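Below you'll find the structures, each written out as structure tokens.
Each of the next two complexes has chain A plus one other chain: chain B in the first, chain C in the second.
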Partner chain A sequence: MIDVLIIGGGIAGLETACSLQDLGYETVIVEKEKTIGGHLNDWDTLFPTHRPASEVLEHYTEETRKRALTIYLNTYVISVKKQADGLFEVQTSRDVVFHCKSVVLASGYQLFNAERKEEYGYKIYDNVLTSADLEKRLKNLQGEFTTPTGVSPKRIAFIHCVGSRDEKSGNHYCSKLCCVTAVKQAIHMKQICPQADVFCCYMDLRMYGPGFEEMYREAQEKYHVQFIRGRLSEVAENANGSLQLKVEDTLAARPSRLQVDMLVLMVGMETAKSTELFAQSCGLECASNRFVKTKDHHIGSNQTNVDGIFTAGASIGPLSVFDTVNHAKSAAFAVNDYLKAMK
Partner chain B sequence: MRNFGFSTTKSRTIDYEKIDNRLIRYVLENEPTFNACLSCGSCTAICSAGNLTSFNIRRLSLQIRLGELEHAHEELDKCMLCGKCLLECPRGINTRNVIMLMKKGLYLIESESKEKNDR
Partner chain C sequence: MDYVAELEKDVRFQEAMHSCLNCGICSAICPAAEFYNYDPRMIVTTVHRRNNDEIEQLLRSNTIWYCGQCMSCKTRCPRGNAAGMVIQALRLLSQKCGFFTESEKGRQQYGLKKTIGESILKYGYCVHPILVKPELHPEQGVIWEWVIQNRDAVYDRLGANLYKEGAGAMRKIHQKNLDELDEIFKVTGGHDFYNVIEEESKKKAQEMNMSTDENNNEYLLHVLTYNSNEHQD
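For the complex of A and B:
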């Protein structure tokens, strides 16, 4: 009998599995992709230190290897049934049925599809990227940085809150990480294209974590990133591939016209479609933002309304790497308490 | 041209292609802390001149960033250089020096264009 089945092999799942293994439990990770590490595989550097994301990935690869964790890759969970005896029966895409004492949902998030904000021109104009596209571009960068049309950028704009705090997109909530990611990416662009003017168009700047405000100040003072308070209304393309933005400078209370060579849309985080379906199938309650609802926001953030099903990481809402690792560690303790009471 | 009694309206749109950045560049070069302004308005709230006249240091800063220098001279004359704003600024900007640099920079710009006209 498996003690804990963990759904998702990103950093949340891996951290939970490592911690539980160290507490003496038998764990199994089920991951739908062909590799572990989740979204971190696509990221170049992490805020607020600019360290390579690969360092964190390597750490978890090493910890996983040391403990010889059992991981099923390319495997979907089809259903989770709680039986009368309190144990779980988990059906997967591999025709394997797992029987386990508890389940940890570490299925994370998905990024907002920027095509849904058609007025921003993503996948219509070549030089409109998302924050995730920019990370990939930076990760694979060889030689000089150029825009998708091959121009060395003279002016770059970052647009905050794309698919966040926007009821028209169906997402009323703040994704909380995009602000600091924009500041990190703006600094990065200034470092590799010092000749470029970099703008950030924001509604509010939410620098909530340790080191974030310092980064924002560094962006202003050292890198001269210009912050315009106003939300982008629409984008048009010029004949040469540059982009024309319409943003109100709300502090000056006047409309403004901004021509840029590259536009970066800071896409927010949404609940993963698979998490939503999973929640429905086993009666997990979701919050109004469609992420899994925690049993007690303050003192039970790993528990759900179903006893024995726990959460770790961004399945409960937008979380940074820092938050995710901590939430995953606390998930291990929550599971430990549950399993000890079961004996 | 014949005057038909019509007038045209100047666009209120901020055009980043056409911003006159001479003054803001001069101020930032000499007082780099000014880069860190958040437009929070605490300087403006405490300002004695602002309580008695239409002087608004936050608005003036913003106008100068956007290269609007027409009214800068008369606005700057309203400041009494008391320095209360400097004590208040959450980002530690030397706002009094910012005002002094605006005055000085404006003088340099004005005398430069006067020189050009005299030639």
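For the complex of A and C:
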């Protein structure tokens, strides 16, 4: 009998698994992708330190290897059934049925599909990227940075709140990490293209974590990133492939047009499709933002409405790496309490 | 008068005025904001403060008359507001209170009532060539003058049936239908609304020493053709 089955092999799942293994429980991770690490695989550097994401990934790869964790890759969960005896039967795509005492949902998030904001021109105009595209571009960068049309950019704009705080996208909530990611990426662009003017079009800057506000200040003072308070209304392409943005500088109360060579859309976080399906299959309650609803916002953020099913990481809402690792550690303690009471 | 309470009775206000996050997306998309010294976001913020004096100022100003009612703002607002609809509610209140005559753009309401407003009741068309008088519409240019002088020939040639019995474009609308329109205006308060526009405008015309006689309507000509050129930066 497995003690804990963990759904998702990103950092939330890995951290929970390592902690639970250390507490003496038998854990199994199922991961739908062919590799562990989740979204971290796609990221170049992390805020606010600008360290390579690969460092964190390497840490977890090493910890996983040391503990010889059982991980089923290319495996996704089809259904979770809680039986009369309180144990769980988990059906997966592998024709393996797992029986376990508890389940940790660490299935994370997915990024907002920027094509849904058609007026921003993603996949219509070549020089419109998402924040995730830019990370990949930076990660694989060799030589000089150029825009997708091969231009060395003179003007770059970052657009905050794409698919967040937006009734039109069906996402009322704030994804909270896009602001700080934009500031990090803006600094990065100034470092590799010092000649470029970099703009951030924001509504409110949510620099909530340690080191975030300092990074914002550095972006302004050291790198001269320009912050324009206003939401982009639409984008048009010029004949030469550069872009024309319509945005109001609300602090100056002046509608304006901004010409840029490259536009970066800061896409928000949504609940993962797989999380939604999983929640439906086992009667997990979701909040109005479609992320999994925790049992108690303040003192039970790892518990759900189903006893024995726990959450770790961004399945409960947008979380940073910092938040995720902490939430995953506390998930291990919550599971430990539950299993101890079971004996 | 409690303008806030009046606005809150308007269904368009109820539907289109939630909270505003001041992101400026409405002003960025607004074609009028590109042209005039105008910012729809500022109107929404002002109304949002629910300050009676500030709202009265708005009702007496040119500002609420710059909007072209294209409703682009409604397509973009992340909070589901529609500045254009809030403006509709403000305009109606300005008309009811007679404040519209205090601004150059507001005074044009008289022109609209006299042209489109009366045309619909008299001919059954909002815009009817017979009523688009060249002197009221200098923007139509000399060609329009020529079209009006040769009206029947031009419209015959275009295949229209201008103001004649029977089928076809621009045909005469049956009296029975015009009577029905008239009845609708009676029941819904359309006539009363027209009367307010007429009366308030006549007061203003007197103040401005202009005649509103049927044959020599100086005030009508003035509101439709005068431009102080003070609407842009």
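To be clear about the criterion, the second predicted complex is superposed on the first by the 343 of 343 C-alpha atoms of A that agree within 3 Å, B and C clash if a C-alpha of one lies under 4 Å from a C-alpha of the other, contacts with A are read in each partner's own complex, and residues count from 1 in each chain.
By definition in this document, contacts are C-beta pairs under 8 Å (C-beta built on N, C-alpha and C of every residue); 3 or more make two chains touch, one makes a residue touch a chain.
Just so it is clear, the model here is predicted, and its values are computed rather than measured.
Asker: Given the touch rule stated above, what does A:Glu144 touch, chain B (first), chain C (second), both, or neither?
Answerer: In the superposed model, A:Glu144 contacts neither chain B nor chain C.
Asker: Can A:Asp85 be said to touch chain B (first), chain C (second), both, or neither?
Answerer: neither
Asker: Is chain A touched at more residues by chain B or by chain C?
Answerer: C
Asker: Kindly classify A:Asp296 by the partners it touches after superposition: chain B alone (first), chain C alone (second), both, or neither?
Answerer: In the superposition, A:Asp296 touches no partner, neither chain B nor chain C.
Asker: Would you sort A:Pro255 into first (chain B), second (chain C), both or neither based on which partner it touches?
Answerer: both
Asker: Determine, under the contact definition given at the top, whether A:Glu234 touches first (chain B), second (chain C), both, or neither.
Answerer: second
Asker: Following superposition on chain A, which residues of chain A contact chain B and also contact chain C?
Answerer: The answer is residues 229, 249, 255 of chain A.
Asker: Name, in rising order, each residue of chain B that touches chain A in their complex.
Answerer: Going through chain B, the ones touching chain A are 12-17, 28, 32-33, 35-36, 39, 62-63, 66, 91.
Asker: Which residues of chain C touch chain A in the complex?
Answerer: So the residues of chain C touching chain A come out as 21-30, 33-34, 39, 41-42, 76-80.
Asker: Given the complex with chain C, which residues does chain A contribute to the contact?
Answerer: Result: residues 119, 161, 165-168, 203-204, 229-234, 246-250, 253, 255 of chain A touch chain C.
Asker: Mind listing the chain A positions that touch chain B in their complex?
Answerer: Those residues of chain A that touch chain B are 155, 217, 220-221, 224, 229, 249, 251-252, 254-259.
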